Structure formats: structure tokens, C-alpha cells
């Protein structure tokens, strides 16, 4: 059994990691840290679990580094910077669910996160952990920068047409609708039930920090410097991100051709389901699962791609476990084959 | 008191009209028709009302035409065609909430609704009842084509920049998120609670019938033949439409300039609230009211406008009452000044 | 116009009071206080309002006492104690929405609220402001203790049978289901969207502070010392309380007899709707209105009464305005006749 | 691999059975029937599944009886009567999720279901499939009457005190709150999103068909003829039943004693979690899992027990799989150990 630890495990991504890892046939959770819940039983904080033996502990890096081979980090950005560096230097493998090692450029990081990156050399060693793109590098990586939730849905939806000559690469609009678990578990007035319920709104228009992450990966895929327009929205539901992606065409093409492109691009992927013509992805059809559902539409000169993921699984903890499976040579789908829970 | 009747009043727009008209100081509801609920007390179908005297009756045109001066039609499209014509010929005024008299071209109507328009000459007499655009014509109209819910949010958001030289008029994308009451009250599997709840999905991509309506009015505003891309989405909430509108810039402009344009365009409108810089509209902030909230953002070369309405009020029955107020010279805001109900 | 002020107006009951008072034909809001939002426009905190002139101010008792004749207090209990006393001594009228003046016994207050009542003599002057019970006393009162939300639904449901010889008075069970706005607007982890949504739970079983309030009023109605069992539940919705009330029968009776009793008891009440045989109250059918809907059922030897209210209206701010109307000789229904907003 | 078939598999219990059986290590689904979806791929009806090979077929009893050893019946009551009989005579094992074989008395069945039971002799052979009560008989059974959703939550909550001398056995009140999936998947106006959302209501007060089922099993447990008062409520959520159970005390007892009783009663049960003192069950903490969470409270002379289950798992398909595991000697928890999905 692979010994793994979760650092910063009292939020929703931590709890989802725990849910997946407790069911995983080859991994064993040896420690979960939380500053605010330190000393409490995990079953006291997350009433869905009843494993009575496991307690949250404070994060003492030296001690905890001895308890596991692989570390999942669900720490806030900035804190993650040095924790990754420490564990890496101690010879441990790390899957970092924060944003700290996703951007390859320390300059871009500073611009968007307003703090310097103190471990810039490590950025080059970190692999952007989207398995559908970087499977080979993930296999050998010791630091995985686990992708953001919005980027995952947008990138999987856009990848098959990036670099194609029939699209206008700088026309891309990403209009995303996210459930509320994406906002985290800490109390805050805008995410109180009565504020979110029965409402939909846009937020962080033009300034969301996932923008440079999407741009970096689209640029890598297409070999061009891509800039996008990204608008996130808050939806009154727990889980799920639906991304509606708009791409202007440069040349004429046909819907069947583009659909074929998508089917071929993802035909071997265990977690991407390209839907048949006329089917619409919905977040409910992927809820509780690691799937990404994708459909393609053509409206005059605009390609419209719709993708749906569960933000806590394919958009966070599910991909983290997928990365672990690849890194350690486990079956890629181990612990991840639960069907969506619907309704 | 102005005598009014509601034809086809057992759906959500009918019930909302009733709610507004029962509180209206100058209107009296003398009849409400419904085929499926004929003979039942209105309070048997809509448990929120308790007015015990009013019953649903079957629609007998001759008889009912004597009962009121103004008729609100919440009938299905096609049925509305001839009912409008009959009442018009009988010298009555009509506010038609169906789509039958919105499109000026019988040819375009046939293309999108798959049936001929049998009263094409009347299309010219019908006034598109968006008060912010057509106040003067509404005053003298005898047939009002009450705007669709999606068009209302999209058109109010886009109007101030239509015809301006700094936008690319054929780059417009309308990405709308609607509550479920927009789908009507008749039982259908896709709108059952467990299908809609905890989910978001796109539908009718590229083929929604509100598309030609939006294009017609944008073309009228700009003096150009405008084509748009329109994607509606279904949101797990009762009421509200949030429209995120994307317009490419042709020339450089600045956010303050565009914001000033919006503030000036709507400064005298009682029901349009242009929010201050950095504020985000939400459907909850307009729920139960006749307001349309609008904010403008600029992201590189894309103008992003966000508008929020209550689809049953500003997107249907509220605007219908607003049109009545204008037609009969009542105070424009009569019966419509309820603050949004929040939370 | 009657000048009124709202003290502690940045929560949900404050915002609902504001909504009602802004529409009231005979009242004018001259001040709204809030410590945390002091200096901000009301429209900055409550995005549903757009009245630009009104700002939250800090609560300086001396100054504010000059600004109005009637004061609505939405302050936390304990703080309310002395504020009521100060305003009363300054010759002002007060409607206190906190719990501080509801219990007639300072001893019982201390027992349940764990603090002494420093103004015990004033408790006798305070009138329990449930208009259906205490209309005459409210007319002359200068201090109104506005009822709690759970007690309102329970008391209106139980009142007609209290003191009747066919019930067992100490068998009463109150099982209540409340929307989340009852928990207030301050950020707290248990009321975050993802904690409340898609869940139902009981809380404060046997220890909820509304218990002695219900017992006091039932005892007054029946002339006996009544003890009840009260279980509140949290429901994933914004507004509404449904109370299912169980009363054991001592003697045989018939459903029609009991229904007649209810119809007669409330036949003159503008805000209580006793439903016809077989109809079920729902919170949606009263949402956004000041109504209380009640139905009665008989199952073998148990009487089951179901009542539904909007906790922010009939359960708080609506009743507060109703009390104002009675105190000042306004039409009782002034500003309160909005139909429920449904769906 | 055990070959199993699902008859009547296009509803929510069918889809949940499928979800569980597709993940089960020892069972293989060989057929799923549905009249309305016959010929369609399962993945066309349930978009969460993507197994492309399996199609719905019409129910031809002779043919289908050859396809499996064990049959799960999700048919409407009445239809189930004869299907069970046919399969039983063909030497097959049956787990019937309808109500047709739950009531031991054909007379009581006729009284509540308004039709005769045509296979009354088989009622004696059918075992009431609540594993916590009837494990031994289930092991040898060929017909399992799978318990109803409400009875499961009520019976597990009440069992430990049935037959105890300190309770009044005929004082029991079951106040249950159910998510909407319990109402099934067929389109019906009362279960449309906009009717259920933002509302709570009681229904079928005193006449719900799960009443005699609960009474039968409580009578069996206590050796007395028990009559209960049962009130179901509809909650705006997908899954879950919270039951609040009230039992009057005859003699004094203490909370710790009763809690000890519960802990001991269920200490070996893999799916019943008796919570620690002061903890509240919530439906969210069991959602997507086969657990039943239970807490006990004491308020003066009333014992209050609260139980939470997922109605589609522990209240239907999860227990059906549990019964299969017992019947075939599989590990009892096989395929059922998923942690609750939260949030």
C-alpha cells in the first residue's frame, strides 16, 4: 500500500480526496492535517465519514514528511510554495492542488497573485497535471501542479481544435458556470445559503486568476500566444462546472468533421465522454464522478463547445488521484470508476 | 377602473399577471380563461391566491370579448394568431404575450415556427412592446407584441452600444442563464424537480426561437442586418435570467466612457438600473420586481455586459402591465413598484 | 407620515422591514442603523434596493431618538433590553423584534437566555404582539414584543383548540421546518450554501429558546400550565416555516366539528387562511406575503394541524408592520396586501 | 458472476440499482426492462451511464426468466404480484421493490391498496427484507419484499425501544421529511421543479400506504398491536429521508441508558451509525451511501429519535443489494461501501 498524506484537509477538496483515497485499493491515508481542526476526529468535522481512528493533526513538516511517500497539498496558495519545496528536497513526491506551481512564469505568477514566487527554479520541474495532455511527463514527475477547476473544463473542451487552421485562435470566450463548493468551505457572507440560493451572477469578470493558466496551456497546445476572455458565474448548486466555449471560425468547416475530430482526440481517454450529435452535457450527468462530458455545436461562423465536470473530482481531487495512479503505475482508473450519482 | 381579461391564465405568466393586476390601482380583472382548469376557482389552482369569487372559464371569444376593454393573451403561439385578430376586429386592445406578433416578417416567422402566419397584414400594426425602445408607439397601439424573456434581457443590455462605431456588430454573443419557470407549468420530464435540481445545462444551441427576435430588434436599433450567437442555459432556480453579452470592439474605447453611455441612455427609465463600476447584477437582486440591472465590463478588446431580470416580471407579465400603463395613460410605474423580494 | 426608524437593520428582518415600509402609504423611514455597515448606502448592502439617499448610521441613542416616533428594533437579545428601556423613557413607541420582552417572567428569561433581565418591571408593560390574540392591548401599547417566528406558526395553529375539553393539553408536539433565512445573515459555517443545500436536519432538540415562549402563550390561552415538545428543523430554502402540530384527543370529536371551530375562530382575520378540507398548506403558497395558512386533519386519536408562514413576514417583519398599523389606527392591512410570490 | 436482471428499470430506483450493480464485484446485469424506453440504450435515458452495450428491453417473462438467477423488480404494485409469482414458480429468486409482498395480511393489503392480492399464499414465503431484523430468514429466502423508504428510516429508529417497558407503545408519531426522488420519475405537475423548489409541505396525512407496513413490523418487534401516526413531508432536495420519531415514556429512564441501548443494538451492523451524544443526523451526511444515521434525545417525558437515510440507497436499492449479498453469501458490504458524497 502506498502511504499518502493530505496537507490542509479540512476543506471540500480535502474531504473529497479522503473519500476517494479511503476507497482506493492501493493507497493508505496515514495523515491529514488541519490547523483549525487539529486534534479533532475527522468524523467530527466531516459527518459523512465514520472512520474513528483518523484525527486531524497540525502541520509539522519535518515529522509529517516521514509519514508518507506522496503528499497531496490542499493548502492556500503562497503557503504551498514552500511546503512543496521542503517536501521535494526531502525526496518526497507532491501533488499540489493549489495554484502555486501551475504557471511556468514567475513573472506572470507575481502579476496575478501579487506576491513573488520564491522557488522559481522548481517551476520548471513541476508538471501541469492534466493527464489527457501530459501523461508521459506525469509518469516521471515528482511535483505535480494539479490543474484548476475552471481550466480543466475549458482546456478539455478546447484542446482538439487548438492549432487547427480553421479557427481564429484569439477569439476564444470561456463562459463558465460553477457550483458553490468551488468557493471553499470557510464561512463568508457571499456564500451563505440565502445569498447563493435562487440566484445566478457573474463575478471576477476579466480578472479571475484562472485566466493566465488557461492561456498558458492553450498557448502550449497551439504554439501561439493565446489570450482569452473568461467569465465565471456562481450557480445555486453544490457541485459542477459547465463551460460554454465560443470559438470563431476562420475557414469553413462542418459539424460532422469537428465532431469526428473530438471523438478521435478522446477515443482512448477513460474519463472524457464526447457525446453524440445533439446531446447536451449537464453537470448532473457527471456529479460524483471523474468524467468530463463534451458536446460540439456549430452556429454560423461560431463553434460552440460545451463541457461538464464535477469541480471536486475531475476539477480537483479526482484528477489528483488520477495523477497518483499514473505516477505509481497503478491502473489509471483505480478508485475512480464510480458512476455519476444521479439524481 | 379599466376592465381587463387574461386569456390562457393557468400558467406561470398568467398567475404573475393576476398577482400584479390584483394589486393594480386602476385595473380590474373581469375574466380569466383556462381550458384545463375551466370551472375551477382560481384559488384551487394557484394556492397563493385566495380571492374566492374568480373562476377560470373556457375561452368563448364572442362572449368574452364583451367582458373587457383590454385583453392579455398568454396562449400558445399559433392559437394567439387568430385570437388577436378576432379581438382586434372587435375593436379591443390586446397585449399578446405569445411570440405570434413579434416578428415583423411572416417569412421569418414561418422559418422559425414551422407554420404560416395567417394574419400577416396585422404584423405591421403590432408594436413590439419594449417600453424603453417604443414608448411613443405603444401609447397609440392597439396590438402589443410583448417581448420574449431572453430578448428583453439581451436587448436592454445591448441597446446603448448598437449603432456605435466602436463595436463589431456581427460579433455579438448572448449567453443566457434562465430559471425554470421560463419552461412553463405543463408537466414534462426534463423539468421535474430531480432533473433540474443540482444541475446546469445548455439547450437549443443555435436553434432557439428567440434568436430572430433579438436579431430583428438589434438590426432595427443599429440600422444593420445583425446576426447573433445565442446560447440559453437552464439553472436550478425558479425565477430570473442573467445574460452575459459579449461584443468585440472595432476601435479602442474606455470603460468609463461606455459606462457613461449606459448611465445616460437609461437615466430616465424607471425600471433599468445601471449599476456602479465593479458591481455585479444577480437575479436575486431583481427577483419579484420589474427591474433590469445592468453592468458593463471591458476585458482587452471585448465589451462584456451583464443584465439581470425576473423572467416573469420584466421578462413577461411586468412588461405587459407596463405596456398597459402606457397605453392607458396611467402612471408608468403603477402596480409595479414592489421592491425585489430578497432573500 | 409617521416617522419610523429601524435599529439593527442590516440583517434579513431589517431588510424585510425596509421593503415593507418603503411601500407603506403612511410610514416614512427616517433612519436605519447598523454598526458593521455604518456609513454605507443601504443600496450597497442590499442590492435589491436602489433608494440612493438612505445610509446606514451607527446607533447613537440620544440622537436617533429624535428622528422618529416609532422604533423597530432588530437588535440581538440583551442589547435590546436597554435600548427598549431608553426609548420608552424618552416617550417613544417601540416594536422589539428580539426576544427580550416576550417572556413575562424574568426568571424564565434568565433560565433560557442565561443572562438576567435588567428591566423586569417593563416586562409587564410590554404587549406580546400577536395581533390575532392581543389586538386590543396592542392598540394602546407603547412596547410591543414582536413574536418569534416558530411561536407564530405554532400558536396560530394551536389557538382554536386550546382550552377545549376534547384535547389532552400536555400532549402537544410542535415539529417545525424552517427556511434558512431564520438563521440570520451573519457568516457561519453551518449556514454556508454547501452545508444547507440538499440536506435536512433537526437541531436544538428540546433546548430551543422559542419553547418557553410557546408554552407561555399556550398557557395563557388555556388557563393551564402547558409544556410542549418542540423540534425545529433546517430546510434548504430561503423562506418559510411549516409547523406540523400533534395534539392527542381526550374525548372523541369529528373532523368537520374541528374544522368549523377553526373557520369560525379566524373568519374575521385578514391574514389567516383556514384551508378547505383536504388541502395542504405549503410555504410556497405564502412566500412573500403576510398570510398564515392552516389545515386540520384527524388521524385516529390525534389531531394534526399544519400551518405555513413566511418567517420574514408573518413570522417577523410583516407582523411588526401589522402591529404598527394597529397602534396608529391605520388600516390593518396597509402595506401588507401583496399576494404571495409564486413560483 | 451472479446473473441478475432488473425489471422496470427506467425509474430512479432502477437507475440506482444499476449504478450499484455495475460496481458490484460479484454480480453481472444481463437485462434491464422498460416498456416506455424499450429498444433504447440505457445511456440514452440515464445520461450518467455510458455503458453502450446495454439496452432496455420489453418485459417478456418467459424469455427474460432465462437470462438471470436473481430478479430485482421495480415494477408498480399490482403488476409485481403476478411477476413475482411467475418467477418464483420458474425457480428464480426475486427481490421485489414494490409494496406487493410486504404486508403479511391480504386483507390489510386490500384495505390500503384497494385491489385484492391474487397470490396470498406466497405472502407467507416472502421475507420482509430489512437485514437488521431478518438476516437469518433472508439468507434462505427466495422472495424478498424489499422495505419501503419511509418504513426503513422509521423502523431502524424505533426498533431498539420496541417491547421495552418504559415506553407507551401506542403513542408513536413518525414525522418524516423526504427528498423528491421518492415521488418517482414520471412527469407530474406537483413534482415539477417550480412546484417543489423553495417549499415544504405535508401530504397524505393519516392515509399514506407506508403506515400499515410500519405498524406491521413494529407489532412484530413488540409483540403488541401497534398503531402509529405518520406524517410524510416533501422537501426541496433530490435524496434523503429524515424521520423525527416521538415516543412517550411510561416510566422514567435516562438519556445515557437509552443511548447505550441503541449503541448495543446496532454495534455489529455495518450500515447503522448511532451518533454520539448531541450530534444531529442530516440527510447530507448519508447521501449516496447505504448508511442510516441515528441520534436519540430525551425531552421531559418524550423520547425523540432522529434517523437519516438516502431513500434511493438504504431506503430502496442499497438494501436490495444488501439482501442479494446475504442471499448469496457474498460479503454483506460488497458494492455498498461508498462513503457519502458530500457536499
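Per-chain numbering from 1; labels A, B, C and D assigned in written order.
Throughout what follows, contacts are C-beta pairs under 8 Å (C-beta built on N, C-alpha and C of every residue); 3 or more make two chains touch, one makes a residue touch a chain.
Predicted model only: the values in this text are computed from it and were never measured.
A repeat of the B-D interface exists among A-C, B-C or A-D; more than half of the contact pairs are identical by residue number at A-C.
Annotation: C-D is the more contact-rich of the chain pairs C-D and A-C, by number of C-beta pairs in contact. Here the spacing of chain A and chain D, counted between their Cα centres, is 37 Å. Look at where the CA atoms of chain C average out and do the same for chain D: the two points lie 39 Å apart.
Annotation: 46 Å between the Cα-based centres of chain A and chain C. The set of chain B residues that touch two or more partner chains comprises 12, 181, 194-195, 197-198, 236-239, 282, 284-285, 287, 343. Within the complex, the chain B residues that touch chain A are 173, 175, 177, 179, 194-195, 197-203, 205-206, 227, 229, 231, 233, 235-240, 242, 244, 246, 248, 280-285, 287, 297-300, 302, 304, 306, 308, 343. The touching residues of chain A, when paired with chain D in their complex, are 12, 15, 19, 22-23, 46-50, 181, 198, 238-239, 273, 279, 282, 284-289, 291, 293, 337-343. On the side of chain D, the complex with chain B involves touching residues 12, 180-181, 185-189, 191-198, 236-238.
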